[in-house]
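Heads up, the next two complexes both have chain A, just with different partners, chain B and then chain C.
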Partner chain A sequence: MMVNDILQVRGLRLGYGRAMVLNGVSFEVPAKGLIAIVGPNGAGKSSTLGAIAGGNTVSSGTIIFEGKDITGAAPEVIAAAGLSFVPEGRHVFSSLTVEENLRVGTFRRKDRNAVEIDLERVFDYFPRLKERLRQPGGKMSGGEQQMLVIGRALMCRPRLVLIDEPSLGLAPRIVDEVYDILQRLRTEEGLSLLVNEQSSRRVMKYADEIIVLREGAVQLRGEPSALGAETLHDAYFGAGTFDHDSAGGTV
Partner chain B sequence: MIHFLQTLIDALSLGSLYALAALGIGLLFGIMRLINFAHGDFVALSAYALILPSTDVVSTLFIGSLSWPLLIAAILTFGVVVALLSNFAVFRRMRTASPQNLMVVSFALGYVIQNLIMTVYGARPKALGLWSSLTQVIDVGGLRVPLLQLVTIGVTAGLLLGLLLFMRKTPFGIQMRAAADDFRMARFLGVRADFVIALSFAISGLLAGVVSLLFVVQTGVLAPTMASDIVIFAFIATVVGGMGSLPGAVLGGLLVGAASSLLQAYLPDGIRAFRDVFVFLFVIALLLVRPSGIIRLKQFEERV
Partner chain C sequence: MTEMTIRVVLVVGLYVFIGNSGILSFGHVSFMSIGAYAFVWISCCTLPALKPLYLPGLPIVLQETALPSPAGIAAAAALAGGSALVIGSILMRLSGTAASIATFSLLAGQYALFRNWTGVTGGTSSLANVPVFMNSAIGTLLAIGAVLIAWLHHQSRYGLMLRAARDEQTASKASGVNVWLVRTIAFGLSGLIMGVGGAMQAGFLGIVTVDAFYLDVTFLTLAMLIVGGSGSLSGAVVGVIALTAVTEMLRRFEVGIHLGDALLALPRGFQEVGLGIVMILVMIFRPAGIMNGRELTVGHFRLKR
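Then we have the complex of A and B:
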């Protein structure tokens, strides 16, 4: 356990009914780090992020954010503590304008005069949002919506942002754009990031550490450069399924 | 022509009452998927607060004896308190319940309030003369209009405008709209669930208070089930307008009120008694054409 970890997850277990989704997941996110959780559909990636953000009820385990135990806290309490969550499927408030979407998370902030400055900063990262301020959020393209929900999360002034599948349903060019911005947010704003992806190829380039999750348990973790294609593949799909003829890191 | 204009004012005034009640129901449905059939009992209880608690046949004014600004403030506050108490005592404990269960619970709460009224005030209807000067008929260019109808329309228009500004311009309103759109996501952004729900109950109770005053002045009668009809029509109005949409609730209320008044005026004498049948036929026809109501919201559409 490092002192400068912004998030520590210990022995996280949760289930829906009798089926366990997570069987003791542990990992940590270093301050200003970008950690990627990868794994197949149904591995428990979304449940992990949901549990950290307070959206899913945890059976056991602890979640420590900036030294404070936030296990079982309400989502709005966790958000106010400085941890923002961008769930899968974006969840833009479609009947609110782009500007209202951005402001929803700012009303409980105590530093009200910094809100306008933050708004300008978000426009700096996502210039297209500024052109569409008065437009309903539901009328935007998928890429624009992804930028809107990341910008919206930033307006809460978080220190850690969890993003569930940021590249889902986006054109490769837009995905690159999103990841470039995430990279900038790390270096320029000192933001810590925890990202879920189904495909590990893209996050390999950006992440400090890859965590492979399958069947509700961590199968493998390590720096991207230290993980070979075969070990990654085995962790992802289960041992012995690696096909050497078509090995190209398609995971 | 004069007759038509008078009918139109009738329609607008009845529609206003339905619209206000429909808003009270639609607001809670939008935020927490609660179809609150106890809303009518909020209205009735607020109306009974005008008189002294007693089972006497004759009513004695209580809050009703105050000067009009104080009276309005007191009854609206009372409506807000009743709604908030219902939230704290009942609905707050079943946040995660399904919409069907919530609706059943609202029926139960409604019966509890009704029986409370019968125990405290007696079951028999009571006459109550309040602001009788409002029932006078004034002459506007040959048009004979009850003053109360104009007041009802004016009050409704004012409230709608106020609510619109509140929902569009204030932080509270924007948070409520966000919660109505996607409650879970709003919480992930720091919107407090308890607060937003309590706020919707408060506004809903305020609207119930307004309806109770307008209705009591109009009918001059208090009865434990006095608002049942209004609430049924208001519920239909929210369905017609599109469940969960506030503009839809207003539109639906005006439409149902207008249909009622126009049928009352133009149906042949022999079948006028069956007016409501025709209102419901109209509603069925409308829903056949637009099953999700006039204003469709995608978060409430059934996925087939």
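Then we have the complex of A and C:
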């Protein structure tokens, strides 16, 4: 455990009814780092992010954000503390305009003047949002909606942003655009990021560390460059399924 | 006309909660009822000697008061708004269908209570001699007031956060919205407007009875909101005008039109049937209501939130 970790997750256990989804998950996110959780469907990726953001009730374990225990706190309290969550599937407020969508995240803030500055900064990262200021959020394309929800998360002035499957349903070119912006946010704003992805291929290039989650437990973790295709594949699908002939390092 | 202004107040009151939160409420007529009785408690009666006879269970102080109508309206707003805030803070822990059903049980419970609390509400008997203050001018003024309050709420951050929670509850929480709080605020405010509507009704008819505040008016006002379009404030107002016009027209046809010696009249009861047909047609061709969620705008007003 490093002192400059912005988030520490220890022994997270969580279940829906009698079915256990997470069986003791531990990891940490370093300040200004980008950590990617990858794994197949049902591995517990979304449950992990939901638990950190306060939407899912945790059975046991602790979640420490900036040295404070936030386990079990209400989602809106966690958001106000500086941890923003972008749920899976681009939940834009479809009947609100782009501008209203962005402003919803700011009402808990006391620094009214800084809100306008932040709004400009979001437009700086996502110029397309400025062009669509008065348009209802629900009428935008998938990529624009993804940018809108990330922009909305930034309006809470977070230090850490959790994003559930930023690439879901987006064209590869848009995915690259989204990740390039996330990369800029890290270097220019000092933002820390924790993302979920089904496919590790995309995040290999950007992540400081990959965490492979399967059946509610961390199977493997490490720097992308240090992870071989075979170890990654085995962690993802289970040992002994790696097919050397097709060199299936495409998870 | 005067009756229509009352309905505008009621439907706008419904809109503040239902339109912005997306939760259907069957219980708001309870606050109309509370408002009407609050008006009676404060401003009844034109013959002050009647009050202790009607309502022997009221505190002596209230038995001896008969303040002018504005005080009665204020009391209606305060009591209905206050009780809506308290009840809302409990009910808004629920969401979706569970919340809707809970509001229905609120209506049933409040109705049963007022029906049997004979000393204070007169029970099943109607209270006459309530001061009549309504005319079309006062009604219009109050209706404009209700629309203005609803518009201000709609434009405010509380209205915006409420609609965000309606669109995407999870995401709104992640954006720091306290869903329970914004819903409770809207519930209280809409209860307050409904209470004023109740006082208007009492001060229009001069008679108050529990049965006037039950299922009939619940469904009529809900129908108006849905036909006009619950997605916008204009929809709420347009729905009242449209359905009032239709019922008024059908009522005249029921009475009959003289053509020479012949009297052409629709069979009795066609008013309700016709209303049903109009609603079905609107739902088929404009499922989101006549206004379809849009607002009628005059220029472009915006408030600083």
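Heads up, the rule we're going with is that the second predicted complex is superposed on the first by the 250 of 251 C-alpha atoms of A that agree within 3 Å, B and C clash if a C-alpha of one lies under 4 Å from a C-alpha of the other, contacts with A are read in each partner's own complex, and residues count from 1 in each chain.
Note that in this section a contact is a pair of C-beta atoms (placed from the backbone, for glycine too) under 8 Å apart; a residue touches a chain by one contact, two chains touch by 3 or more.
The model shown is predicted, which means the values in this text are computed figures rather than measured ones.
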Q: Record, for the superposition on chain A, whether partners chain B and chain C clash or fit.
A: clash
(Q) Output check: A:100 vs chain B and chain C. Expected answer is one of first, second, both, neither. What do you get? (A) both
Q) What is the contact status of A:79 with respect to chain B (first) and chain C (second): first, second, both, or neither? A) both
(Q) Taking the superposition on A as described, I'd like to know which of chain B and chain C A:61 touches: first, second, both or neither. (A) neither
Q) Is A:224 in contact with chain B, with chain C, with both, or with neither (first, second, both, neither)? A) neither
Q: Indicate the residue numbers of chain A shared between its chain B interface and its chain C interface, in ascending order.
A: 53-55, 74-76, 79-80, 84-85, 87, 91, 93-96, 100-101, 103-105, 107-108, 138, 152-153, 156
Q.
Help me check something: in the complex, which residues belonging to chain B touch chain A?
A. 171, 174-175, 177-178, 181-182, 184-193, 297-298
Q: Give every residue of chain A touching chain B within the complex, in rising order.
A: 53-55, 74-76, 79-80, 84-85, 87, 91, 93-96, 100-101, 103-105, 107-108, 138, 152-153, 156
Q) In their shared complex, at which residues does chain A touch chain C? A) 53-55, 74-76, 79-80, 84-87, 91-96, 100-101, 103-105, 107-108, 137-138, 149, 152-153, 155-156
Q) Any idea which chain C residues touch chain A in the complex? A) 157, 160-161, 163-164, 166-168, 170-179, 231, 293, 305
